[in-house]
Structure formats: C-alpha cells, structure tokens
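Below you'll find a set of structures to go through.
Next, two complexes with subunit A in common: one pairs it with subunit B, the other with subunit C.
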Partner chain A sequence: MSSETKQILTTDGIPLEVSLKKAERKNKIKAFLLVAPLLLFLIITYVFPIGDMLFRSVDDKMVTQMLPKTFKAMENWDGQELPEEEVFAAFHEDFIKLVEDKREGKLSTQLNYTKNGFKSIIKKLRRKSKSFEEGNYKEQIMSVHKRWADVEYWRAIKRRAPEFTSQKYLKGMDMYVNEEGKIVSVEEDRRIHRVLWLRTLEIAFFVTVFCFLMAYPIAHLLATLPMKYSNLLMICVLLPFWTSLLVRTASWMILLQQQGIVNDFFVGIGLVADDNRPEMMYNKTGSYVAMTQILLPFMVLPLYSVMKTISPSLMRAGKSLGGTPFVAFWKVYFPLTIPGIGAGCLLVFILAIGYYITPALVGGASGTLISNQIAFHMKSTLDWSFASAMGLMLLSGVLVIYWVYNKLVGIDNIKLG
Partner chain B sequence: MALPKYTEPHYRIWHYIYLTICGAVFFFLIAPLFVIFPLSFNAEEFLSFSDGMKRLDPDAFSLRWYKDMIYGTKNPWGLAAKNSFIIAIFATIGSVILGTVAALGLSSRHMPYKGLIMAVLISPMIVPLIISGVAIFFFMAKAGLAATHTGIVLAHIILGTPFVVITVTATLSGFDHSVTRAAASLGSDPVNTFMKITLPLILPGVISGGLFAFVTSFDEVVVVLFLAGLENTTIPIQMWTGLREQLSPTILAVATCLIILSTLILVTAELLRRRSERLRGINR
Partner chain C sequence: MALKKDFVKFDKVDKSYDGKVLVVKDLQLDIEEGEFVTMLGPSGSGKTTCLMMLAGFETPTNGEIYLDGKAISSIPPHKRGIGMVFQNYALFPHMTVYENLAFPLRVRKIPKDEADKKIDKALSMVSLQGFASRMPGQLSGGQQQRVAVARSLVFDPQLVLMDEPLGALDKNLRESMQYEIKHIHENIGVTVVYVTHDQSEALTMSNRIAVFNDGKVQQLSSPDELYEKPVNSFVAEFIGENNTFVGEVSDISGGKCKVKIANTDILANPISVKGKGEKTKISLRPERALINPSDQMDNIHSGKIEEVIYHGDHTRVRINLLGNNQFILKVPNSSANLDIKLGKDIKIGWNSEDARALDPS
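Right, the complex of A and B next:
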C-alpha cells in the first residue's frame, strides 16, 4: 500500500489492517488451543519417552559413576604403559566403596562387556582387598592376578570413562570397538543381528510383493463390478480387516499345523505323502503366509479407492483407438493406478517391517523379525538400553520410508476403510 | 461383469482366468476365518476335524468349549473380558474427546504449522507398535502407572487418537462452515454451536473414529504385554498366552465370539460410512 493512500479505518477508528491481523491472530490461537490438549498429551506420554529411549540407548553413566576417582586420575594417563600409583590408589578407593555397597558385581558385568576376563579378576580382587595394607596399591593390586598387571585391562577400563557410548548401536549391527579403538565386525558365525535385519527386510519385501500381486486383481474387480455385487465382496476384505489379529493368527495356526487342513488337502490330492507332511508353521513359510493374508486388506483398500476414480470410458477409448485390451490396460489403466500402488506398498511394507505378534506365533526360530528381538531384550535379558537402540534403528528406517511415502503420496491420502 | 458378445475367444479365456484368480484371492482372505467356527464346536480336544465331524455326526459337535469359556474352573476369560471392555470403553471415550477437539482445530484454516502437528498427532499410527510399546512402557514405569488400568487406558488413548483425528478431519473436510457462522450470527455461543450444529453433522465421522479406537484398544496386545500385570489381563493377552502355550479349543470359542463382535462392528461402521456420505452429498 503506498503511503499516500488513505488508511481504511474500521468503525472503531482502528486501521482495518491492524484489526484484521488481530482477528487473524485470535483465530490462530483459538485453533491452536483446540489442538493443544492432544498435542500436549502426546508430547508428554509419547514423544518424550521416545526421546528417553534415545537417551537410554547411548547412556553409559553407570561405570562413569562407579569409578569417579579412577577416571579423574586417569585423565593424565596416556595409555601407553601401566598407569602410575596414583591411578591404582584411586581405583582402590572406588573399589572399596563399591564393595561396601555390594555393587562390584555390576562393575564386573559392565567391564566384561568391554573386555572378557574381568569377572574372575574382580572377584579375586574383592577377596584379597580385605587384607590390603595402606600405601603402594600398585604392587598390591598387581600381585592379585597377572591380568591386573596387563596394560590392556587398564585401557579397557579407561574406554568406559565417557558418559555416552555408541556401543549398543554397534552391537545392533554386530560390531564392536576393539582394543585399538577401531570399529570391527564380530566373527562371521556370531552375526545374529545382521541376519535378523536382512530377514526382516526380506520378509517385509516379499510380503509386500505378494500382497500387491493378490490385491491388484481383486481391487480391480471390486472397482469395476456393479455396486450391489462389489459391496458384498467388499465384506470379504473388510471382515478380516476388522477381526482381531490374534484370531486371524490362530486360524493360520490351525490351518498350517502338520495335522492341519492344508496338509490334509495336500495329502488328499496326493501332493505329499501322509508320513512326510511338510512343516508349514514355525518357520519362514508360516510368517509369509499369515502376514500376507493379514496385511492384504491394507493393500486392497488404497488400490480400490484409486481405481474407483478411474473412469471406465478411458479403457474403452483406448480400445476404440486400436489398442488391444492388454495394451489399453498397460498404457492407460496401469499408470493411473500408480498412486494407489505406492500407497498400498509402502503401507504394507511399514507395517510388515515392525511386525511382532504373528512372527512370534507362527514364525518359529527362522521366521522371527527384528521386533521379536527387541521384545526379547525388553522382557528376558532386561537390556533395555540395547532394546532402545534397536528400536530407534528400526524407527529411523521406518521414518525414511514414511518420508518417501509422504513425498510420493502425501499423508492426507491415508484412507481407512 | 458380463462380457460383450463380440469378445474374441482368447480374451474370453483370459477373463475367466482373471475371475478365477480373484475368486482364489477372496477365498484366501475370508476362508481362514471360517475354519474357526466349526472347530469351536468340536466335541473332542483336537484342533482338527474329527472323523465324526466330517460325517456330520451330531455327536461330534458340542458346546463344551463354550461352557468351558464361561464356567470353566480357573478360567481367566471372565476377568479378561471385563478388563478388556472397561479399558476399551474408557480409551474410546478419551480418544474421541481429545481427537475430535484436535480435529476441529486442525481443520481450521487458521491453524499454524498444520503439517508438522498433524505428523505428531498421527505418529502413533506410523511408528511400529513394538517401539511405541517400549516408549510407553518407559513413561508408565516412571509415572508409576505400569500394571494399572489407568496406564493401559492412557496407552490406548495414545494409540487410538490418530484414527479419530483422521476420520473426523476427513468428515470436516466436506463440512460447510457457513452453518456455524449462521449460528454465530444468530447469537449462539461456540460451545452451543458445536453441540447443536457441528456435532450432529460430523457425528458419523466421530462414531466411526470411535469404533476404530475401540477396536484398536480391544485388539491391542503388543503394548499391553509390556504394561499389564496379572490383574490387568485382557482378552488379547489371554489369547496370546493360550496360543503360545497350548492351543485349546476354548480359544476357538473365544475367537468365534470375537468374529461375531467384529462382524457387528463392521456392519455398524459400514452403515455409518454410507450415512456420512449421504449427509456430505457424495453419493447423490
């Protein structure tokens, strides 16, 4: 607005622009206040705890707090040769305190993660330290066990000085920091986590492919049939969608068991011998079959909602212009369904990659996924920081996929039923 | 879908192949659910069809597993069902209130940072359940709410609100805001306008969001496994334990009841969707 133009005033004499801005701000605050309760609730109960997971996964204060004086004394130690008496004295002081609090067992477990062999020498040190005399702790500690005179073990202690560690993340990828401080992989036959990550990706990928191959024809049929038939068939898609996941998994457990109906059928048509019934459950096959059926509706629904909007006259036009039905389908219909394919595939992939219940029940040992490992560490080993690290690695993968999804399709296109 | 008369034979064959494939996929989708029905009436303790059942011998069928479900000694299903319903009902109420109010704010064109806030609000739906479970468990343990009904209800509100937010924003996208302005110009205050004008119009969306929230809570097992103590056992937890330890036909009786429940919910949701589309004038 040029300065010469006379300002427009409202009836109250306030410039219109100011008044409008005020109203605008008021509306913004009003809208925000409506969202605020849920936003606040989710931030406190959900977003912060995920941040807490991040903190837990790198937190390594335990050892730092158990040996405060030792690490202080070690600050000037270059790690080349055995540390000075000062360090030994500080370590002795910290250690006596730990023994008083009965926490030396925790220390030995923690240090053993860094280097094998700490468990026994800490036990020995506890016994011998009762009869230690004052002064010259270096000699006394070194005489407990020859490993205490090995500089490697003191270096291992020093490596635990920082409050934060990436150790859990490395462990999740079957790697660790070796004596020289380099990141290396564990031996070939102990790489259990890599196998799990790869298997998770593999199963999620193939389940997505199977779902796509099965969903495309039926979504097309549903979209092209007259309303009264398609509504009836839609029930076949929606009923499993609304039925409890555990019920559907249970039905697969009944079907796939060795004396189950699928096996009976195979025997009946002579495909397999009665005494040689294949194991279809508690392995990968079980995971594949059950997960495909359970996730299929998530592929059908987005495909259907896209196909519904494609006018049948386009195919007719394609054919009337000389294309065979196949050419018309491939050149006209298929490209129009790509948004639905993208939405369905990414939805199924995201769901499959984090699947837990079904693989745990029908997957056996060779069909379990990364989620099962996370649950195992949460419930059995109680290594919560490792579970957090693995969870966050999985989450970052999902967020990348989700970001792609958002770029390709947009979040607003999520359709439910 | 009838083919036109002039269709050439090999397309005709293709068409029947296509229909067969579709039939097979529909069978694959729906048939597993129907295995559970007859087996839950099995008179014997096996999870496969006995010879008597194959001959349709009436003696091979019985209601014993249903009786066991209801009257069985040390049966956990009564407590589990009670807990499941209490938790699901409170979680639904919480999700519907928080979600609807938030959706009203999100649908306002004045809403700042809409994309970011929407992403946060629906994140519990995108993040894998196992991660949500770990995070929520850490929070509840700190807040002293682990192994309480309150904790589980709160957890299910977290998981249920995204569905309400999505369905209600979708309903509001076709909402004619001039009616609320008309109400305001006639002297109605915002709360009154919401209760008398907006809510009745968006009710189908709210209820179907509520149904999603209810089903989410009622079926949820991953997060509950982390949170629940013995006192808070729910139907999914009992099914999970049962399926892991030994598959007893009692579970099939429960599963049959759950399928009936989900059919009812499906019918309700479908009727609501049609009503909502009619109200919004989509299927004129």
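Right, the complex of A and C next:
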C-alpha cells in the first residue's frame, strides 16, 4: 500500500501531521487554560481533601511513630512468651518521651482501639513511671498492673507496628484480626455494623421501590396533561425541592409523632384507639415515609423527561393494532420508559444509601443508616480513620451498583433529561 | 359478494371538544367497500378529528358511525380491527421491524408460522424483504413509512386509515410513495380512508375526495369532477389554480347567465346563482382560457400582460383582465406562442360553460 507509507507534505515541505499538530496546539492550550481554574479548584477542594481523608482509613503511622524504639526491639520477638528486657526498656524510653510531650493519652486511645483495657493501665503507668529506677524495666512495668504482665497486651502493641492497616475495614464489617493473626468475626451480639449495612440496603431498596410506584403515575400525568394542569402539578413536584431539607424533615416529625396530626386523624376516624396510637416515628416507618417523600422528585423528573419524549401516537398505534390498553402500555409504553426508570432508580438508590439528616432525625434507633454511624465516628468518637474506611466502603458499594447497572441496562441508556 | 355501498357510514356526526365550538358539523358520509377516499382540507377543518372518531380515539358528540353496518361508537379502538398509519409513522422504536409487524398478530394470538408468513407477505408488498431484523431508527424516512404501511395491513384489516402519512417525506419520495400506496390499495382491495392537506396527493391517489372546511364536507366527488366541476367557491379555490371574477348577475336564461364585471358583461355557467341581482364569484381554470382564441368562444376579452414566468414546459402569464390583475394563464411553450411579451395587449377567450358562477363568499 503505497498511499499508506507515503508521507503527505505541506507546500513548505513539513509533514502534514506535524503541521496539523502545530496548528492545533495553540487551541489545545487555550482550551486547557479555560478549564484550568475549575480544575485547580476541584483538585484543591475536592480531590485532595477526599484523598487525604480516604488515606486516613489505612494510615496507621501514628502508633508506629509514637513507639519507634519499641517496635524496633520487638522485631526479634516471636510473640509466644513475654518479651525480653530490651523491649521493656525501649518501651519505657518511648513512653517517657511521650509523657514529656503529653501525648501518652493519644497512645492509650489508639491502643484501646486494638484491645480494650489499655486506657487505665497506661494512666497508671504514667503515674508510677515517675518513680521508676534505672534498669530492670521489665519487672518495674509488670508490677504496675497485672495486665502489663499479660502477653496478650504486648501482642496487641505489636499488631500496631505496621504503617498501614486494614483493621478499620475489618471493623466496618464486624471482623478483626485475632491474637493468632487470623481474620474472624466478632461475637454475634456485637455485630452492629453488619446490621447497619443490611438495614441501609433494605431501606434504600424499599425507598426506591416506593418512589418508583408513586412517581410513575405522577410523571405520566405530568407528561400527558394539558399544559395548564401539568404546570401546576410540576410546581407541586418541585415545591419540596425549594424547601429546606430540615424543614421538610421537621414537618414529618410534626405529622408522624404519636400525638401528631396523622395519629390524631387515625383516632378521629376510629381506625386506632386513642390509648394505642401506633409509633410512626423513631423507627423504620419514619425513615421510609420521610425519605420517600423527600426523594420523590428525583424519581419524577427523569421519568417525566423520558415520558415527555414518547409520542402519544405510539400508544394509539398499539391500540389500533389490536392491543388492549394494558397490552399497549406494557409492550409499548413501559419498555420506552426504562431509561427513565433506570436513571430515577439509580439516582434515588444512591442518594438513599448515603442519606443522613432524615434518618438521624426521624429514624430513631432502628431507623438509622450507615451514614449516621459514619457521622457518629466523625463527631463523637473522633475515630476519623474508621469513619473514612466506612465512607470508602459505602462509596465502593455505590460504584459496584453503578457497574452492575451498567452491565444490565447500559449507562448510555440513562436519560436524566 | 357485492361490495357494500355504505361500508363506513358517518350518520349526522357532530363533534365538539369544548362544548362551544363544533369542529365537525352534521357530517354525513358514506364510503364504499374497497374505495380509496381522501379527506382533504386546510388544517383545523375537522378532517383529522373525523379520522380519529373512526379509529376510536375520539367519540362523536352526537350521531353515530357505522362500520360494516354495526354502530361502533361504543367499541374501543383495539376491538375495531382498523389498521392505521400515523403521521410520524409511530413505529415502536424499541422493536425490530419484524417485532413491529408481529405486534398486531401476537395480540390476536396467531400461531408463529402463520404470522411469519403474513409478515413476509406484508414486507414484500412494500419491497422491504431482508429488513426484518433492523430497528426503525436504522431505516430512512421512506423505509419507516413503508414499515408503517405494512404494519397497518399485516393483520388483514378491512379498513385502513392513513393520517397524513407522507407529510414528513421529501417531495420526490412523497410522489413515489403516493403511487406505491395506490398500487397496494389496488392490489389488495382494502378500503382506505386517507387524510391529507396536500391536494395533489389527494387528486393522484383517491377514488373520491371529501373536501372539508369549517367542520363540513364541502364536496364529495371523484378527483376529476372535483377539479372540473367545483360546487362552491371554496372548493374551486382550494383545489388547483383558479381565476376569479366577482360580479353581479344581470341576466339568467337558457342555462347561461350574464354577469356584470367592471362595466362589462361576461357569460357564465350558473351553478349556484338563481336569479338576477345576485352577487356571484366566477371561477375559471387557467388552462381553460386561451390566448388569441378562435371565434367560437363566447367570451373574448382583451387584457394586458403584466408578468411572464418561464416554467420549462409552459409559461405562466399574469394578465390584467377586466380589472383583475391576478388573472393567470398557462401557455404551452410552442413556437406559436413566442410573441408573449411583457406589456403587450392580447385577446383571451373561454367558453361560458367553463366559467362557473358560484356563491360569492
């Protein structure tokens, strides 16, 4: 093929390809400069902080840096018997330094994550260590508290030696590395996170289903009603969008509480007895009701935008060809709305799975979700690395759903309007 | 079996959408079995509404529609068994051509091998064999149109409705599709009710044309009669080109009438004028008036050429004649007519029979 190998030259004798690149380079630079401010903004305010936060979930340098000499001395320890004197001496040296910097409290918190019981013995060690004599630190430390003489606790310290750890992720799934270094589940009555994950999935799933069931007829009405009615309906759909999320959640609290409007109404029409009012808040019911209402527009709008594009003559064609109204709907109309259903369900499910304020306010103990747990660790226990680990697990879950959806329906079939 | 005279019958049908305005008024229309009837009219004339009532998507406000002798107002669309071709084809975009055609057969629970035969037949009728597995989006406009026609025929309906099916096609394709649909109709003998606002389409394809205006059928007759013998001035002006003179009847006798226009009397054929003094509008087809006429014609007047437009096979000449400066003549481009020049005075003649004195509106 001579035409392929032959190079095309411009009139100046420069190869055409080179010349083209040169001509387009300026435009490329211009285009990049236009997006550069936003790109920079995104990197500084989005990529960097999130990356840093996610890194915390595996970062375990803190203890490593607090006890450098101890871990060095522990390198040769097999973990079967109590460590030798040199380990105790190194630990004492590290510890004295920490006490000088007033950082021994942090150490106790960190070690307590690994094994309960460190807090009190470290406090005790600090008090006693002031009167320690030179030499034979093993005996002196062991005499502070009997736990210091327990090999289990020294093994727990050794487990914190690596700079990176997966233990936060294991904890998020109610698992941990036991003394033998095996990954096992925690006792059944302490498996709080698995319950939360399952409940989060369950609530997100059912909220999606409820939203779909309610939004489909609304969207259909919106797409088919004459303009003057559909505009009004559209405002009704969008109105909640313009109201603060907190206000809407608070309104649901007023409606759903035991002495609330809904219960009053039920009592009024004799549906329930006055002394037997059902609890509709601070449980799953509350989360379902409030989240469904709040997320409804996210289902209505994609459905509407898809339905708007379906020509009414298609349904007519279906009927004129002999399909009953149901057949025409099911075989013609419904399949054409699938892109909207996909978009709406994906949107609602992903929003619901990470929902925070509403379940926190109306969910009570049995209606809270994983995001409430994440917030709890961010604000109360200050275990940010655990919070970030759970956040990343949630994010991966969403990405998996997205991937599965893409395999099943195809992401390019999605229509958001 | 004899063809039924009133296979489709509109009996005193009224239709109003808002309870204030009648979009269809007292419609009386009989369609013979196997006929190709076109409803022709400007937009808003009620023709599509009539079609929708026949298909069952609108209900008559008053009156009744009969199909094959049965009143159908209370039968839902899917039980009427009427094939329909929609304006924008209305092919199901998520189904292949095959599935589109199989839809009406499947809902009728026709066995698959029989259905396949019917689909093959329908596709070959519109010369689209080999397209069965395509999606509608992969077809050109003309091909989609053929699929829509095939789909409306595949379940052997007795009646097929077509709602401006060629409106979205370009001119050449539209013309070839007109002949194609006409041939399909001739081959299978199905009754077709066709709606269009394009008069040439209507004239080419139909056995009979119903001209709609203002919710009423103005005239129902064969294309040639419609063109040659319009019964009122709306039809005369809507169908084809038309020269008009507005005047007053000064005399009427012996099947002819004298109409006074710009102080000149012209002879005309009294269609809807009864007596002296009536106002009238005379309609004369451009090709019925001749330049430099022979003496047999009973109307000969002279006018001044105002505009000459060359059209290839003929020349359009605009003439100021009897105070009407929009008088159009179509002159064949032959060597005899080379002296037509702008500003020249020429003699123009026509037979009084071709000048139809109609209602003045």
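Here is the rule we use: the second predicted complex is superposed on the first by the 324 of 417 C-alpha atoms of A that agree within 3 Å, B and C clash if a C-alpha of one lies under 4 Å from a C-alpha of the other, contacts with A are read in each partner's own complex, and residues count from 1 in each chain.
Going forward, contacts are C-beta pairs under 8 Å (C-beta built on N, C-alpha and C of every residue); 3 or more make two chains touch, one makes a residue touch a chain.
All values derive from a computational prediction rather than experimental measurement.
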| item | value |
| --- | --- |
| Partner chain in contact with A:Cys211 - subunit B first, subunit C second, else both or neither | neither |
| Partner chain(s) touched by A:Val348 [first = subunit B, second = subunit C, both, neither] | neither |
| Touched partner set for A:Met175, first subunit B, second subunit C, both or neither | neither |
| Partner chain(s) touched by A:Pro325 [first = subunit B, second = subunit C, both, neither] | both |
| Subunit B versus subunit C as contact partner of A:Ile203, first or second or both or neither | neither |
| Subunit B or subunit C, by number of subunit A residues touched | B |
| Contacts of A:Leu239 with subunit B and subunit C, given as first, second, both or neither | first |
| Partner chain in contact with A:Met393 - subunit B first, subunit C second, else both or neither | neither |
| Touched partner set for A:Ile121, first subunit B, second subunit C, both or neither | neither |
| Contacts on subunit A seen with subunit B and repeated with subunit C across the two complexes | 325 |
| Subunit A residues within the subunit C interface of the complex | 311, 313-314, 316-325, 327-328, 331-332, 335-336 |
| Residues of subunit C defined as touching subunit A within the complex | 55-57, 76-84, 86-88, 90-94, 103-104, 107-108, 151-152, 155, 161 |
| Residues of subunit A touching subunit B in the complex | 24, 27-28, 30-39, 41-50, 52-53, 56, 214-215, 217-218, 221, 224-226, 233, 235-240, 242-255, 257, 259-261, 264, 293, 296-297, 325, 350, 353-357, 360-361, 371, 374-375, 378-379, 384, 387-388, 391-392, 394-395, 398, 402, 411, 414, 416-417 |
| Contact set on subunit B toward subunit A in their complex | 1, 11, 14, 18-19, 21-22, 25-26, 28-30, 32-33, 35-36, 39, 46-49, 98-99, 101-102, 104-106, 108, 110-112, 117-124, 126-139, 154-155, 157-158, 161, 163, 165-167, 208, 212, 215, 218-219, 221-222, 225-226, 236, 239-240, 243-244, 247, 251-252, 255, 258-259, 262-263, 265-266, 269-270, 273 |
